[in-house]
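Shared chain: chain A. Partners: chain B in the first complex, chain C in the second.
Here is the complex of A and B:
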């Protein structure tokens, strides 16, 4: 029973991290129908911004969340206005957007190599290796904090999308952009805002990841793949679905260790992805249900 | 211009060009061109930079002494270094370019097993002499390649060196017999070699060790809690893992927060890095055991190492790590073989490397490329253990030791 509890708790905490990683990717795809291949690059950039704030100014990574989110948001808006909005909408622009955003990722990564070299960096705080007791287990303070922030992000995002005018406009644009134009919604503004929010969420994921792991300029590529799996599992464009899919993926990966060698547990998620794409292409929780 | 003038002008120009070519060829004959690629950008850029420092220092020292004596002539050595960007395809194509377009006399190796592995096939096809200090996986040397020489001893030997020290502690009654081992290894050739080394030692021990957890994990893991939970449930005595620096930091963070403590704790070649102590806190890396190919502490016992450490420190203002030492020694081995052969003929230089017994800065004090191991050095590893004062003395082998190791881990039960 103790072992079961341990695995469940490990999966739930891991799900928090996974969900934070995937929210941004899901949101941008859900509204703009653009697969943001630069998601990994922004995760990496978020990690470095947090690290810089910690190294240069001694700011705790959790206190630097507003700054990292703001920087990532502005970066997202700039990428959208400077690049993405010039691409054709819909399937015609799909390949171009993939290539363009992949290119932006390469530029970001190589810029990071130039600025910070390939050295692995870490953010160490006095609570980095501290634990709290719960359910008869010793839980990492950092992991619990990341989980808490993931839940908070989910709640805020859900409330924003369902209770505010802008949030409702985002959901409306996700459903039918043309009709929104007819009723006076500034679709371009909504696209720009959504891209900014999605990018800010990726930056937040990078910062949270940096408080747990060491990272270098190639950080983020593995996270991008995991995020894809989660977003597809949860249904493209579904925020609640994303959170649920993150939990399912984490549970499957963690419990797989009971039956599989540890190095194969990461592959279980991809098997799950293939199964979902074949059996339920709209994701486990359908799609286009932002919020 | 009349036809006669045109002919005369062309003849004069041809003569001039021929003279220039002869002059260039003569200059080239006074220089030995040695090619190399290193990962100066990309994922391995940091370590690639360290190897570059080692190579450059070796070339500088050699040229300071006049160069390499080839027969009755002393020739300068010139390093043609290219950036392989940490990718296999670039490492291969640049090796091909150095051999076939730039016509270098010899090649020095790049860093990281996967890149050396990629280049080794190219150099073998082109019968180019290739001395490397960056590829440790024994798989590279088991292919029967004739032109590939490696200075890094296999990781199996790393595990073996560490287990020998652990065995001494067990024989001294400091560790239980049989001792239960949790063996965690990254799913790479490095990890597989480590696993093989520990498993074989345990098998040969006649019941001294029992591997009760034997699990591999993917590089750059996000969560090791399930894996560590398995280790915790198995109630082992020795926690032996093999991982790269990022996974070492992530795993050790989770290990510490889970409240585990084992009589022996190791992450293979990782453990004594300053960066890890900074990321984890000095207290959390205490008594971690590691085994590495070289340590600047060898300078206390080995004259060549002492001279290298002093010279490098004078140039760079800091102590070298094993990467720079390997780069330096790789180049030195090639220079020595050329001198011994007295010619730039690759086959003859190769013959000298095959029988080489070079007094070396490596542990054991001698560099050889044993044919039975596919021309891969089997120099011993040095075993180090982190101490509470922040130092990591060499604790084995005895002839290189600069301090005493502690077992079992005094922090357990505190």
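Here is the complex of A and C:
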């Protein structure tokens, strides 16, 4: 029973991080109909920016959140304005933007190899190994903090999308871009803003992930697939759906450790991705992602 | 008596036979060194693999990032057969190809219901899962230390003609797939799955056929590669870089055409050789830049460039060009059904 609780709590704490990164991917897809294959690249970039700030300037990873979010936001806007915007919209552009963003990912990975070598890096702080007691368990301070920040981010994002004018405009553009143009919404501005918010979430997820796990320039490819599983499972646009799907994925991953030999646990996410795409292409919670 | 189906153009057939005949005597005529002959062998092999990828990525409009799974499986099955049973290598290749085709059907049949980006992302999952499992399945792949094949003296130079034959067969196959009824069906599926199904084409059946053919051919290419290298290891055979290389060859050359991916493979193999020699730390980024530049400025790759030049000199009739572009376009009109129906959050 003790072990069971431990695993469930571990899964819940992990799910916060998963939901943050998946929401970034889902938001961009929901509004722009573009699968950001560079999601993993931004996650990796976020991890390295945080690492650099910690290593060179001694800034605590949690204090560097604004900087990392700002950097990945600007990076996302630059990618949208410079590249994605020039592709045809809609069906014809779907595969093209996939390949284009894949190219951007390759470039980012190569840049990271050149700048930071291929070695594994970690962000280690003095509280990395500390833990707090709760539910009769010892919880890592880092994991609890990451969970808290992830939940806070999702709440803020939800409020932004439902309560502010810009947030409502984003949701309106997702529903019908042409009508938005008619009523005076600057659709192009909303697109680049959305892309920026999506990548900012990816960057934040990268930084949070980097304070838990080690990373190298190919970090993020697994997270891209996990994000995709969650988006497909949870449907678009709903924070609750995303959170529930993130929890399901985290539970499956954590409990797979019990059932499978350790080297196979890495494959669980990939297998789940294929299963979800094939069995529930409409998502679990009714928001159809696929046509 | 009719010897050939009506869609076979005699000049094209004659050109292919002539090109293969010239290719067959070329090493002797030009007196190639062992090194250059091996380079050409490898190039021909990847022309075949790129064309087989293009059957899925170009003809069907389903971009696969997971073809390394079949390449690796073909290679390792064939290598195991050669090591255990000492079969003639071409039998081992065919068995390797068949196993790869079977595996392709296992993962492809369910995932091919997905279109466009969804299929592509599912294939990333398939490729990575296969790589992970294979890296730890030491009984088949020898784990991270890989497998060494028995060395047959003189085999490597003999492989040049085998590569030429393989490539010839794959080019003929590409032509047949394009021109036959099946090929027209594929074009219809690529343009609009639902409309194709409405006029009596079975997308499931046709996609499975293409999947089997593509998987088999890529598997044979992997098996060939194993014989050619004499040493294979899962990280290289099943690696994500391997899958990307097929995508890049076809995209650089011109997805959906026959000449495009073939030229793309030639350029890719030469470029990789040069980059690994001169800038090993930059090759990933250069692939990325190439991909960005091609998609942004010329989605049809080198073929698109060729169309452009031909148009400039008035060599291309507009209606010919229109058909060519429709066949070549990256991703079909139905690549993203979600966008058409506007399934909004």
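The criterion applied here is as follows: the second predicted complex is superposed on the first by the 257 of 291 C-alpha atoms of A that agree within 3 Å, B and C clash if a C-alpha of one lies under 4 Å from a C-alpha of the other, contacts with A are read in each partner's own complex, and residues count from 1 in each chain.
Please note the rule applied: contacts are C-beta pairs under 8 Å (C-beta built on N, C-alpha and C of every residue); 3 or more make two chains touch, one makes a residue touch a chain.
Everything quoted here is computed from the prediction, not taken from an experiment.
When the two complexes are overlaid on their common chain A, residue A:139 makes contact with chain B while staying clear of chain C. Using the contact criterion defined above for the overlaid structures, shared-chain residue A:175 touches chain C, although it does not reach chain B. After overlaying the two complexes on the shared chain, residue contacts for A:14 are found with chain B alone; chain C is out of touch. Judged by the touch definition given at the top, the superposed model places A:271 against chain C, while chain B stays out of reach. Look at A:163: by the touch rule set out above, it reaches neither chain B nor chain C.
Of the two partner chains placed around the shared chain by superposition, neither chain B nor chain C is touched by A:189. By the touch criterion defined above, A:212 lies against chain B but remains apart from chain C after alignment on the C-alpha atoms of chain A. Of the two partner chains placed around the shared chain by superposition, chain B is the only one that A:122 touches, whereas chain C remains out of contact.
Counted by residues of chain A touched, the larger count belongs to C, out of chain B and chain C. In the overlay built on the shared chain, the residue A:106 is in contact with chain C alone; chain B does not reach it. Comparing which residues of chain A touch chain B with which touch chain C, the overlap comprises 110, 113, 222, 263, 266. Those residues of chain A lying in contact with chain C across their complex are 30, 33, 35, 37, 83, 86-87, 90-96, 98-100, 102-111, 113-114, 171, 174-176, 221-222, 224-225, 228, 232, 235-238, 263-264, 266-267, 269-271, 273-274, 277-278, 281, 287-291.
Residue ranges on chain B touching chain A, taken from their complex, read 41-46, 49, 86, 184, 187, 215-218, 220-223, 225-227, 229-230, 233, 245-246, 249-250, 253-254, 256-259, 275, 278-281, 284. The residues of chain C lying in touch with chain A in their complex are 61, 63, 107, 110-111, 113-114, 116-118, 120-122, 124-126, 128-129, 132-133, 135-136, 240, 244, 247, 251, 281-292, 295-296, 299, 329-345. Those residues of chain A whose C-beta lies close enough to touch chain B in the complex are 3, 6-7, 10, 13-14, 17, 110, 113, 117-120, 122, 124, 128-131, 138-142, 212-216, 218, 222, 226, 254-255, 257, 261-263, 265-266.
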